[in-house]
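Here chain A shows up in two complexes: once beside chain B, once beside chain C.
Let's look at the complex of A and B:
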């Protein structure tokens, strides 16, 4: 699974692509760790851009949950944006939308964390 | 093996002569052609000796025996004796293994003085063949001309040997004595293989058995002059002046040829010439006393080196090490040879190979043992997993058996783990006379870790359900608190729990992050049982799970399944999906639970084909038969 990242102002956005399941969630956690660390150190929110995520299994949800817990334990914030329909349905069924702040678009997600980030986003 | 190695050294580096002390008067094919067949009348031989003697040689060695009287020409023996007399002639003697009646006494030989205390293990002959007394008496000296069997490669020549009790020198040695006018030979025995044979000014290193390791040069026609040319006066006198002149026969049919380590067959007389050259050039091959010890030390050194390093380094390095050791041994052997020492490096080399093979074998054996241990460990784990599977399957109730007497409802369930064991579970039991509890759960993840958590979750849910009559929502709240108390791995569990009053068909339920259940009335269309529910257990602490309510119609069934159904994947990576599930369930509105379970299972199997099952698959279906059927 590829894990690209980009910044809007100081807000870091990571974008897992493909499938997140039992087979690759450990690798995903390893890839994610430095981003999460950086955000928590800088006191910035981390946004998951899931527009490229096709599927997430229960093991994958556990990975996301662990990241959220780690963020919460250090007063960090983790936000999720741009779910594909299937993933949105999985979030709906599993009620993980109660665990995360889930926004339909990247703009809304950025707006929820930082106005500077939205401006950076709109400048393109 | 050792001889082959020493032969190899000689082939690699044949002796190059720097002086030419000896010439050979060769009774060759041409001489025989001109002067008639061998043996010649001794008067002709006498002419030959006289012709050589006139040129003033240092000594004349005759590599020929005149055993029988010459009956061809009267007075020929006397003529030869006369020619030999005073001409510094050394006649040949052949040592033999018996005492010949014609020569009952040991030969006359110059005295040999030995400095050592021991009696050297010289080659021993019982008797000899030599020239008849009339000629022998005229000679200045006598020397051994016997060599080993001509079939064998000639490597060592005795420079002194015993005939009876008399020590006799070789032809070449006796020629030097005569040439230098020395009275005796002296053997300087310093023990071991450190023995020198001194004659006149020459000091020749010999082995303790009196032999010289002959260091052969190539056959060289320059050493030869035809006997015919000597007799006809064509050969210049200069050719013989102050030289050691050997007289011998090489004509075909006379067959005095010796095989040398260089792979040549040279006339026997040329061996004497080569020995003389060696003595004059001082090029010797010694096999010193310490040679065997040196070889043993090399063997031990190479062995220790290999034993120390081969097991600890990578295979290609150990091969390189072996090659280096062998090369070093070969170089040592060649260097030693160049300084005139015969060192046998084959034993250390063979030992190196043997040690290496043994170490390699041991390494392979160790690898084999590791593989076997691994196989055993795998078998043990597989056995334990199989046991775990039996235990896990044993935890699941068999609904058809436990509810056999129930008329108010029918229930069937199925669980197929993706691996040997899994994280899905279901349970169903009567909490009291009238109420049926049912639950389907799914631990995040699969395999052994999930299965342990599954066992824990299922047991806790059952004990909570039996303890309190509470509704499913509060039941899951308590389970959420209890299951998550010791959850080091942060697993979570989705669950659908339901409590069915079998008298009224009233169903209370709660969905904690699980697939929605599907309900279907007889003749109706399957529909999702929507419910706000909550997240899976162990995700949000203290979450207040609400209960949902539905009253089942008589004959209506409720089907709860795990995501192993909807997210079953085929070879193309597509999901089975909720839509296909609805299509399968559509014609089954009036079917019994076992038929519903079987139909869904069959359709999922058809969809996935041969693709490996990706997740645990669980189905539970319950049908309420109606108030009348319940009989209460």
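Let's look at the complex of A and C:
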């Protein structure tokens, strides 16, 4: 899975694309590890931009959960933004919407983390 | 093959309270909206045909007990939860004095799966044969223990029926008359076993008290093979996926989402949510059922999967 990333002030945004299921969740975790390390090193919060995620299975949700736990154990923060409608419904049915901080837009997600990040986002 | 659910609740039997009954009644009166009924029959038809399921039913009820009717003279049943008491009454009524032969298949020996046995009527009838099948070494010990003093007044040895224990090996298929059965080990405290029954060209999977971690590919594939092309899968959907992945991780239970995924991968025809959480009321279980049907719709491949929620008294013909 391609994991692009971008930074807004002290926030790192990682964007998984395509499908996240039992076929690729191990690879996803490996690809994510350097981003978690970078967040720790640079004191960044982490946002998953899920606008490119078309489907997530139970295994994929467990992976996101493990990532969130890892981020939390390093006193980081993980926020989720921009779910496609189908993925939003899966979050609701699985009740993961109650476990994660989920925001409809990237702007709202950034605002929940820091005002500098929103400013950086709006500068483009 | 007919599958009859005598007990569908997880962990602990529950019953409707007086307040629950009053609540359903009041909602039904509101739904009737001032209509007059000429007779009990007319009111009954209205309730049956027009009122929503949650007002006219309750999921119940007893803890795990699921009967499998194959057309043979012998009885087949999974687990001896508290549903074994009404199941036993059904056996006695149907036998009309003739001794029965009952084949029991035990998922495991947690209390909610054995608690009905001391109240299983046929166990007290001379001439009855009860064959208790399972993969655990401690099966007999567990059943004896729950009837030992000071827990129960009638010791196991005083039961009049001939009781045999049949040890099964997971992965091996046993053919007995019209039915064949294959057990499979499942992730649960102390282990549990699922059963694949095949009879008359139909396949029933009984898979309760089983936690799944589908990111483990080998494990996912083993369950898909076990469920493959089943007509009906009775599935432990006790918690939401978020609960299983967080606070209730390693509690040994599964979710509606994992049930849908496994059944879709295995080409199953009908998924039945089972082992309902005791603190869930009828409305909560109904909501889980609605969500599960929606998920199936969202993720449907070439073939659709029918989804139901088990309730005490539900019968499904395969």
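Keep in mind that, in the parts below, the second predicted complex is superposed on the first by the 124 of 124 C-alpha atoms of A that agree within 3 Å, B and C clash if a C-alpha of one lies under 4 Å from a C-alpha of the other, contacts with A are read in each partner's own complex, and residues count from 1 in each chain.
In this section, contacts are C-beta pairs under 8 Å (C-beta built on N, C-alpha and C of every residue); 3 or more make two chains touch, one makes a residue touch a chain.
All values reported here derive from a predicted model rather than from experimental measurement.
Touch criterion met: A:65 reaches chain B and chain C at once.
In the superposition on chain A, the chain among chain B and chain C reaching more residues of chain A is C. Once chain A of one complex is fitted onto chain A of the other, the partner contacts of A:57 extend to both chain B and chain C. In the superposed model, A:26 makes contact with chain C only, not with chain B. Touched by chain B in one complex and by chain C in the other are residues 22, 55, 57-59, 61-62, 65, 86, 93-96, 98-99 of chain A. Residues of chain A touching chain B in their complex: 22, 55, 57-59, 61-62, 65-66, 69, 86, 93-96, 98-99.
Chain B meets chain A in the complex at residues 442-446, 490-492, 494, 512-516, 533-536, 539-540, 543, 563, 567, 575, 615. Taken in their complex, chain C has these residues touching chain A: 212-215, 217, 220, 240-243, 245-246, 255-258, 261, 291-292, 294-295, 298-299. Listing the residues of chain A that touch chain C in their complex gives 22-23, 25-26, 55, 57-59, 61-63, 65, 86, 89-90, 92-96, 98-99.
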